[in-house]
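The structure's right below; bear with me while I get my questions together.
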Amino acid sequence: MNLLTDSILVLLILASFLLLSSSRLSNCIKTVALQGMMVGVLPLAANDSLTCRVTAIALVIAGMKGIVFPYMLFRTLRESTTIKELKPYVGYTASMFAGVVSLVASFWLDSRLHLPVAASSRLVVPVAFSMMLTGIFLIVGRRTAVNQVIGYLVMENGIYTFGLAIVRDVPLLVELGVLMDMFMAVFVMGIAIYRINREFDHIDSDQLNTLKG
Amino acid sequence: MMDVAHYMGVPLGLCMAPLLLGIINRTKAFFAGRNGSPLFQAYYDIWKLLRKDAVYSRTTTWIFRSAPVVGLGSVMIAMILVPVAGSSLFAFTGDLIFFAYCLGLMRFATVIAALDTGSSFEGMGASREVHFSTLAEPALLLGLAALAKLSGSFSLTGMFGGLSGSDWLASGPAIALIAFAVFVVFLAENARIPVDDPNTHLELTMIHEVMILDYSGPDLGIVLYAAALKLWVLGALIVNILICAADLSGFSGLIVFAGGMFILAVLVGIVESIMARLSLLKVPQLLVGAGAMSVLALILVMRFTS
Amino acid sequence: MNLLLSAFIIFVGGSFLSLGLVKYPRVLRVVGPGSVVIGSVLGIQPVLSSLILGTCDFLQMPWQIPMGSMSIGIDPLSAIFAIAILFVSPLAAVFGAGYLKSFEDTHDLGKSWFFFNLLVASMLLVVLARNALLFLIAWEVMSLASFFLVVFEHERDSVRRAGWIYFIATHIGTAFLLVMFLLLGRHAGSLEFSTFFNCGLSSHLVSVVFVFAVIGFGTKAGFMPFHVWLPEAHPAAPSHVSALMSGVMIKTGIYGLLRTLTFLGCPPAWWGWTIIIIGVVSGICGVLFALAQHDIKRLLAYHSVENIGIIALGLGVGLLGVSHGNAVVAFLGFAGGLLHVVNHAVFKSLLFLGAGSVLHSAGTREIDHLGGLIKKMPLTATAFLIGSAAICGLPPLNGFVSEFFIYVGAFEGMSRDGLSSGAAIGGILAITALALIGGLAVACFTKAFGIVFLGEPRSKHCEHAHESCMSMRIPMVLLSLACVAMGLWGFFAFGVMSNVTSVLTSGLTFDPATCGLITPYQDVLLSVTLFALALIVVIGSLIFLRSWLMSGRIQQSAVTWDCGYLAPNSRMQYTASSFAQPITKFFRTFLQTKRYVSPPEGFFPKTASFSSETDDFYGEQVYKPTFNALESWLSRFRQIQHGQLNLYIMYIIIALVVLFVWKLR
Amino acid sequence: MQIDGGLIILLLILLPAIFSGVCQMLRAPLQVLRFCIAGVVLVSIPGLVAVFQVFRKGPLFAAGNWLMLDILSAYHLLIMMMVFTISALFAVGYFREEIDMKEFTIKHARRYGSLWFGALAAMMLVLVSNNLGVMWVGIEATTLITAFLICIHVTPGALEAMWKYLMMCSVGVAAAFTGILLTAASTVPVGIHPTEALLWTNIMNSVSSMDPVLVKAAFIFIVVGYGTKAGLAPMHNWLPDAHSQAPSPVSAIFSGFLLNAALYCILRFLPIVEAVTGNSGWGRDILILFGLLSIVVAAIFIIGQRDVKRMLAYSSVEHIGLIALGVGLGGLGTFAALFHMFNHSLCKSLAFCCAGRVGQAYGSNDMRKTTDILRSMPVLGGGLIGGILALIGVAPFAIFLSEFIILKTAIDSSRYWIAGIYLTGLAVVFVGALRHAIAMAWKPPEEMAPDAPAKICLADAALVVIPLIILLILGLWMPKLLAEFILKASIVLGALS
């Protein structure tokens, strides 16, 4: 099973890099859908004993992250005229570089922290860190609102992976609640972007800076 | 000290004060080679004025009319406190403050009376008066404080009574400084040259004379008399400083004191004859100088006694 | 104590009653001041008895507040301030009843009387409180109430600005007091005043407490570098309020300082020095700035600074006396300072009421626009004259008595030791300063009285001037009488003052009131009283003599001697500015007077003008630049709220990283 | 009288949730607003019963210990009731004009009512949950629900504010979730059953054997994460935008309770981290840092502020900082902080509501335009000015008292630097806010001021006067009951034990 887990984890990192380097929003959404799906099935790969409950939750999460969220984002995108990230704060090459740096930093951080890892692979925690950092990087470094939501999703993926790594068993109710909240968050963000687009004719978060001081 | 000076000091001052003016004028006349007015001219003037009718400005009020008597009253009270030949009618700790503030009251009355006329000339005089006296007051009080420190007493009588020839020997320079400072204050407060010229005829340059321009008749007489008394009481301070070396009392003390006053008057006359009036802008410097001398004296005294 | 409590309750009740009576101005006119008068009359008996008999009374009630307790008490120290409060407040209130009549249509007098009563109540509570929290709350209520009273005419920009400055100054002062009391409370273990004494603070902290008390209380009292609110707030407030604030409220600062000193044990000499230097600076600069003002109420406000300086001189001399173990100096200094507190309360409120009366009838505070008012308002003029003479410290009025105490105390301090001793130099400083202040004060008040009331009217303002109504005149008459009476009471003040000073020195090794060293001064004061009396008698009989002399004489009237000029007019009179010009020029280094001159030019000059303006040195040169610099420096940080979401999120991350680095290394 | 605690707690969450649905069925805007009042009163009944129970008998538990109402949450519950009541009462007056102008239609009203009750339910969930995960869910839910409350009226500003609010709080709350995961991880060695691992009561019982490093890391995430929501500087940036753009009754909730709810979550973690680090003040130091930073930042922004609602928002940053500081100082400071929480919520919701009405009347929130309000609208203007005065710590008001006690705690523990920064910050706030308040109160307007409202509504007057009187009374006299209540609550936080 270890091989499977590790390969999924590597794919997750590759997805992060893809996100960092692609400018077309639709590509980004597709990538994040893929990443979400993989994160969703990760427990299946990581767990030795597959119970019914774990499988069910994993499938639901994979479905949400891989299908529902991207779908909602696509809907949002369809309404808007923006299809491409123009002039990000940090260029794509530099983003890639930052991704590499964050990956290295994650491994270093992991080696420093000595977390009581519950999962089977040592790779899980650094990958989770790297995804969190990438997510934040996307939020901070991109202009379009959609890309920021994508960043948020990546960060959530990272946190989820992190949770998988260190917490053996989150109570079902909590897990569902969290999921529900995430769903709501993306939903609300989608609506917000939709409205912003309608009101301002753009979804450029950079230009939302009239309120200051 | 139940001697004659104890009781005679005040009457002596009341009687002799105008005479000082006469002496000063005679001295000046002597220096100018004139005959000069009679010694008792001031008495004649006051007497003449007291018998006259009066003219008042329509602008003036009761302030103007009562100021001369307030001034006279306060200078008389001050006179009670000044020792003559080592003793005064009354003395208490801190009476020099009362003395100084009585003169302050007199000034206050004179100044507001001048302002009561609404004349710009009198206003000008009043303005100068308060300016100079502001600077003269610290000089006087500090000088007296130095004396007080020297003698260890804080009443005029105790102060002068406490001084003796040995003090002159011990801290002569300090006492001389004080005497000089008080002399400057004396000249300034009494509107003498070099601060003010009592005989000037140009209103713009006057200080004291211009403030009383509008007085006439009995009021002017009172003003003149009060001014003479002021000359006497402040002069008495200087004389007291200077004659304290001679430890005198009783009748002989009285005589020596009166003699000292006359010599002081002559001195004033000499100063007036040989000096020109200072520019008004220079007067503050003179007074601050006097104050500095007082401070210096005070420091000297404290060094000697500590 | 019960009477005092009921007085307090009447003040508070009166305040709320006035708030409810907004709709009935006629009733309000009676109730607003009425409650102040009734309360004061009720309260004056226990205060007097404590003052004269030296008794102390203490009352503690539970109070549902953390660390607070309703501890109130009266001792002679409280009483001497309470007497000022209870004497001046009702008179100011009665004056206010007349003064505010013309505002009835435009302003909400209910609120005004509400805050007035509240101010009186809180001042009373300040001097009675024996618990730090109670004290601070009363203190803050006092500030709040007086703030609202200051901004009574809030439609004017200058008034609002003044209110702002005042409230800020007093609030920042309070911040220091908070720290001070808490430092004391921390070591005492409670906030009761009774536990504060010698509560085991290190000498380090005692000094901190002292410095904070000087700053905190000095701000309220108007010690020189902290006085900036005074010349703003006093002119802005209605005159009866200025009278109350200047006469009484700022004295609560002195009270607080003294009360704090009673906690701290034997003072080191430098405390006395500090207070003396503050006194010298406040006194001299206060009167100099006063001299340069054109606004009569601003002038009076600066004189409050000056008189606070005189009080500080007295207290400083007293402190030096205590620290050198010299009972006589301690007694004379403290007694002089405290007596001046009461005296200043009387004559300063008199002067403010006089100024209010002028303002009310002539409609301007500009001294240079006034003149000749003595003919139209003889009573106001006489009252103002008495106040002026009193504030100059001239005998036989009350100002002289307290200055006399301080002079003698300073002399005693000076005469004891040589130059090596601090007390000697302190004494010299005090004498010099007092002498200079005395001279300058005469200059200032001859100007204020002379230009406002004497001569010919300088502008149209004075044409419609009229004597004020009865309710405004009575307080002025009473206060004038008090000035004269207290000038003669030096002898009686002695006993009272020894009661008060024994509170101040109660924790020390010696008590001047009982050690017998001071008894000779009782006779001295008797002499002062006698001489003051003699002065009155002599002047009175001289007046009598003069009128006898003048009877039957012809008294002609003419124009003022004009030196040959044929068409004099009232504009040619000396003005306040020109009167003060020689002195202000002499002291221009301190005053920094701004002069705006357009001199006459050409052979036939048509216009020329001159005006001068003396801003507060500290306000303009110290506080304003500092605050402006601070504000512009701080506003640079406002850029962190730039509207960019990305960077906001960055802040979150930075906060996380910093915490990790800081806390989880 | 035996009352089933569990039932009450469930009722507390369910009632608002049901009301939220009911709002969709109402037919007139005013009806919705009145229903809000009725609803909050209805919720208050079980709420008060529960608070009373807790006060008398100790914590109530429900749903297998997943829900708990202890004295700390009961205290917060009380504050919440108060804030929501004020908000509901003011909303009627606030929206009435918009209803007349047809700007606030039934569509808006339904949305408003549903979201309003939804927010109530979500915050209730935060308060009553014993499970840290559920608590998190509640906080995230409040974010999402209240985001829409900001833009009841879709204006560019409101949208921008909403977007920033949403993003910042989501990121922050995600960080908090990481903290919760770390906490859960740190309980692994303890051996609590996983389903119970996140129960606060269980964690509190097993602090001795938790991994300190993990707990510390968790606490950092928690403070920064929830601190974002609570408006602690430097994570406060969403706060002035959201507060200024939201309708005033919503701003009142935001400032009056939303921030407190987030802070409440941090407070829940504080005893854990303190116990784990051996009461060394490790966690309290962090709170002190954020508290002071918030005070300073707020002070800087209040000086030059022009928008009255933004100024009040920054004042909230300041006061949340004060509370954090008080709790951070511990001991008596915790007591003062909790007391301050009450005072601030009461005062701030009043001030926001009054500011909203004033702004409506003047058509602007710019303080340079809304001048002379004491004349043009004596009651509401008076409420605003009185509120500002109380907020900046003018004396007889209760906030002075709580600030005094916080200062006392700082000085008693010899932390003079803290006292210095604290006082400086407060002084700057005072200077800045007072300048604005004076100008607003009395400065004659440059243009014509709006005409005074036809008549002063008695309800309005009561709404303004009662909170101010409560603040006054609390500043002068603290009921024993309240003191005891707060004392017990601060014992939960590990103070005064």
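By written order: A, B, C and D. Residues from 1 in each chain.
Convention: a residue touches a chain if its C-beta (ideal position, glycine included) is under 8 Å from a C-beta of that chain, and two chains touch if they have at least 3 such contacts.
Quick caveat: nothing in here was measured; it's all calculated off a predicted structure.
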For chain D, the least number of touch steps when starting out from chain B: 2
Farthest chain relative to chain D (centres taken as mean CA coordinates): B
Which of A-C and C-D has more C-beta pairs touching across its chains: C-D
Inter-centroid spacing, chain C versus chain A (mean Cα positions, whole Å): 70
Chain C-chain D separation of Cα centroids, rounded to whole Å: 44
Cα-centroid distance, chain A relative to chain D, in whole angstrom: 31
For chain B paired with chain C, centre-to-centre distance based on mean C-alpha positions, whole Å: 35
Of all residues in chain A, the ones touching two or more other chains: 136, 139, 148, 205, 208-211, 213
For chain D, residues contacting two or more additional chains: 163-164, 167, 171, 213, 217, 240, 301, 304
Touching two or more other chains - residues of chain C: 638, 641, 645, 649
Every chain pair meeting the contact rule: A-C, A-D, B-C, C-D
Contacting residues of chain C [partner chain B, same complex]: 371-372, 374-375, 385, 389, 392-395, 400, 403-404, 407-408, 411-412, 414-415, 417-421, 424, 428, 431-432, 434-436, 438-440, 442-443, 445-447, 449-451, 454-456, 520-521, 523-524, 527-528, 531, 534-535, 538-539, 542-543, 545-546, 549-550, 553-563, 568, 570, 572-574, 578-583, 586
Residues on chain C engaged by chain D in the complex (per definition of touch): 63-67, 133, 136-137, 139-141, 143-144, 151, 154-155, 157, 160, 163-164, 167-168, 171-172, 175, 178-179, 182-183, 185-186, 631, 634-635, 637-638, 640-641, 645, 648-649, 651-652, 654-656, 659-660, 663-664
In the complex with chain C, residue positions of chain D that touch it: 163-164, 167-168, 171-172, 175, 213, 216-217, 220-221, 223-224, 227-228, 234-235, 237-238, 240, 282, 285-286, 297, 299-301, 303-304, 332, 335-336, 389, 394-396, 400-401, 404-405, 407-408, 411-412, 419, 423, 426-428, 430-431, 434-435, 438-439, 441-444, 475-480, 483
Of chain A, residues touching chain C in the complex: 89, 136, 139-142, 148, 205-206, 208-213
Complex interface listing, chain A residues touching chain D: 113, 115-116, 118, 132, 136, 139, 145, 148, 152, 155-156, 159, 162-163, 166-171, 173-174, 177-178, 180-181, 184-185, 188-189, 192, 195-196, 199-200, 205, 208-211, 213
